[in-house]
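First chain written, first letter: the chains are A, B and C, and each begins at residue 1.
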Amino acid sequence: MTTIFDLPRGAETGGLFPDPDVPAAGIDGLIDRTLLRSDPPRIPNLSEPAVMRHYTALSKLNYGVEDGIYPLGSCTMKYNPKLHEDLARLPGWANVHPLAGPRSAQGALAFLHRLSALLGGIAGLPGVSLQPVAGAHGELTGMFLFKKHFEERGELARRRILLPDSAHGTNPASAATAGFTVTEIASNEAGMIDLESLENELDETVAGIMLTVPNTLGIFEERILEVTEKVHAAGGLCYFDGANLNAFLGRARPGDMGADVFHFNLHKTLSAPHGGGGPGAGPIAVSEPLVDHLPVPRIEREGEAYTLSWDHPRSVGSVHSFYGNVLVALKAYAYLLQLGDDGLRAVSGDAVLNANYLQERLKRTYRLPYDRRCKHEFVLSGTDPGEAVNTLDIAKRLIDYGFHPPTIYFPLIVREALMIEPTETEGKDGLDRFAEALERIASEAREQPQLLHEAPHRAPVRRLDQTAAARNPVLTHPLDEGDA
Amino acid sequence: MRYLPHSAADRRAMLASIGLSSVDELFSDIPRAVTDAFRPLGLSPRSEQEVFAELTELAQRNGAAGTACFLGGGIYDHYVPSVVGHVLSRSEFYTAYTPYQPEVSQGTLTAMFEFQTLIAELTGMEIANASLYDGATALAEAALMAERLKHRGRIAVARSLFANVRRVLDTYCWAGGIEVVELPYLPSGRCDLSHVPGDVSAIVLQSPNAFGVIEALEGVKERVGDALWIVSVHPLSLGILAPPGAFGADAVVGEGQPLGLTMSFGGPLLGLFATRAAYLRQMPGRVSGRTVDAAGNVGYTMAAQTREQHIRRERATSNVCTNSALCALAATVYLAAVGAGGLRRVAELNAEKAHYLAGRIAAIDGFDMAFSGPFFNEFVVRVPGDPAELHRKVLDAGILVESPDSLRPYGLDDALRIAVTEKRTRAELDRLVDALRGAT
Amino acid sequence: MAYPSEYRYTKDHEWVSIDGDRARIGITDHAQSELGDIVFVELPAVGNAVHAGEILATVESVKAVGDVFAPFDGTVVEVNEDLDSSPETINSAPHDEGWIAVIEFSDPSAIEGLLDAEGYKKLIAEG
């Protein structure tokens, strides 16, 4: 793949910025020479047509949501409404400096306040912070709240977080970053938390539990109320990872299930785009005991006006430069306004219908380790031990059929896992074509396994050598001396 | 519900295939006690047209958007070339997922590789990651990395960090059990490095700092012993300023918003993180690495993934998963569009206009530069009379200047911080001077 | 690949080759095959004290990290520095040139808890 460093260079790039309209002495007269660069940075000077051609060509190498189904489990790659993109580009949203002061940003503060109220309503919890800018960031903030809570109560022995063996990797990573150790709880044969194992772990060293509801197998924890009751009875708190909110939007609230902290992924459930890896937004909703620990500044209302309040001495501090990813929050807000209560319910309805429809069809061809009604996603075992191909081969062959592969090798408790989440924005014909591709690939695996081993054949690149990339990482383009 | 493709017939057929007659039956696994407790939001659905009207009207209540902006603090009102928005609005870029399947993500991975190269080059470092959330959390992650490497339980930071960055750093360090000690500032505005503690995991400087003053980076490396030397930068300033890497910094972080991002009321932003190649295994965040495919062609893939949470879990270098990828793309396109030549030109404009304004303000009776140190595009002036009253009058004149309260944490009660970018015209600069003069 | 009968094995898939009061340790062929292409080995420092059950070294492939546990208490006296430049040796020769570290141990009874070759082969067959 060509990079900008491979393009012909040395074009005249003036014309973006005006000439100085103030008396200009040149930089040497303003700033001491010892502080200045001796050489310019080796960034190529390219014409605008060359830049546009290059990035347009790169974009065509990507598979986006507009290209087809993106069935990544627990990612909720639903359609990204275009209204939201247009709104985010309005100068009235884009050109506001965060330190403008409440007087000059009433529109922004108003919608942030209203969105906080709506998110609190969806969670069924009284306090909300929009500061976390990713799910993992919300998890970390939640862990900070746990820590502050127990510190204030003098319960410093509570250093352990419990989590199921099906947990997403960010859960233990977030707990560890906040200074906790993690203990895994086994799942039972039904794919749910083993209550006896849970009980065995609950003591005065436990700070709480981190759960995903439904879990990463797409299964709803039927005894969720018992789980949270037991943890609370033992003096712990309950963190709910909201990555799978699409499964029960408009039908159930984490606050009613015993959650103390719940994070949203606005770039999943609430339709904001994924951006190739970000930016996202991971706001949190919290129960009453934790409200005073929420990050500052808080967005508050005084009569008709909105303000930023710093007067919260029991706050954990701040986790973001300012107020979170405001433009991402704007997209989620517009989504909620369009959907309304009925729309939210319809979203989870079709999301779960689509997943069960696919599961029913595909379990005839692939092994379904947990054969029961799923929620918005389900996990297959791509292959069995001893077979000629593995799940990676199946995933790469799907690319040849024009589909983005599902999540592979997660959750860890299913061997050769294939985690599929179609979302509600896939039509029936799209689902049928996707299922048909997987069925044909299963036949190919038996009759022509080599085809899968060498897949993809029809992507912009063939299968990439990740071993070489890991053994000898090349993370920058080698720049030459005369490269400016 | 036009985002939902199914017809009623579709739903019936699908339900029939799974032996059910209604969608609601699919939710019988949620405990009754929970579904009974559910309360809707009380929100009726609205049309796209209505939502567009409502949120456009609300946007108009952000008076800041159309006002001459002299605010800084890490976020600046820079000109964003049109190409940036056009590249970002290609749906293959903005709707794509994290590039875990590299064969269908070469666009994202190639752009990441370019970004890493550009940031490493700008900062004078060997490697850079593909972004973190913002400059504040990037600094916090650098402090955590230093602690992982040195295990001293303490870091020393310049008092002259931006207050919001310092607040985030303090929060992360509290959670990580890391003590933060402060290094004072000198009358020049620069950090006082005469008594650098010897038993710290890291020394943290910001340059230009919260006063806009450019630190003297020469000779610092020798003073920090074997602590990790971390510098937080303004990336646009590196178009003309010598980068920390040239002076031996161990890690360089910063807020990348000035590189092609709108101000967006503070988010999304762009965390920059660059460091030595030797620290790759300890560096947080995603990276794209160059490799070859089965046909021998050059391609890109996520590299060094075993550092990350999806593999290492509680032993990961960081919990970061989603980062600021699309904003990193914006910065990449911005730098490609301006080139080294354009970057130098825009940085010079910033410095020239800021120095012109500073000179004119300092010439007003009762106004002085608060610090003697050199500056780039931001500076602090001491003001006469009641600073709050002065500030209010400037706002009333339709000009955005930061509240003097923002400088109180630094022990400055009578000062204003002013930032100038290439977008501030001479007329706007002169109007601010007139407003300040008239307000006293 | 054969599992040398003179070695001992752990249930965590390490092999142990005893020579007097020194034990040479590596990971088994089964372990390297499960991990895939090894890309990096984090070796302990010579002179470090280790305790039974603690992590002695880590072996990374592209997609996984495998912990190598110390089978007993002792001191690290030698490490295989060739693995810094050629981690793939663990894949091609896991039982000999792919050795990871040598521990000097003080308590000879520690060896008794280890499996023999037959016992290990049975363990991996039961999977």
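The working rule: contacts are C-beta pairs under 8 Å (C-beta built on N, C-alpha and C of every residue); 3 or more make two chains touch, one makes a residue touch a chain.
As the structure is a prediction and not an experimental result, all values here were calculated from the model.
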| item | value |
| --- | --- |
| Between A-B and A-C, the pair with more C-beta contacts | A-B |
| Most central chain, Cα average position | A |
| Centre-to-centre distance between chain C and chain B (centres being mean Cα positions), rounded to whole Å | 45 |
| Where chain A and chain C are represented by their mean Cα positions, the distance between them in whole Å | 38 |
| Rounded Å distance between chain A and chain B, as computed from the means of their C-alpha atoms | 19 |
| Chain B, residues touching no fewer than two other chains | 305-306, 311-312, 315 |
| Multi-chain contact sites of chain C, meaning residues that touch two or more partners | 39-40, 60-63 |
| Multi-partner residues of chain A (at least 2 other chains) | 466, 469-470 |
| Complex interface listing, chain B residues touching chain C | 281, 305-306, 311-312, 315 |
| Chain C - residues contacting chain B, complex | 39-40, 60-65 |
| Residue numbers on chain A that touch chain C, as the complex places them | 409, 466-467, 469-471 |
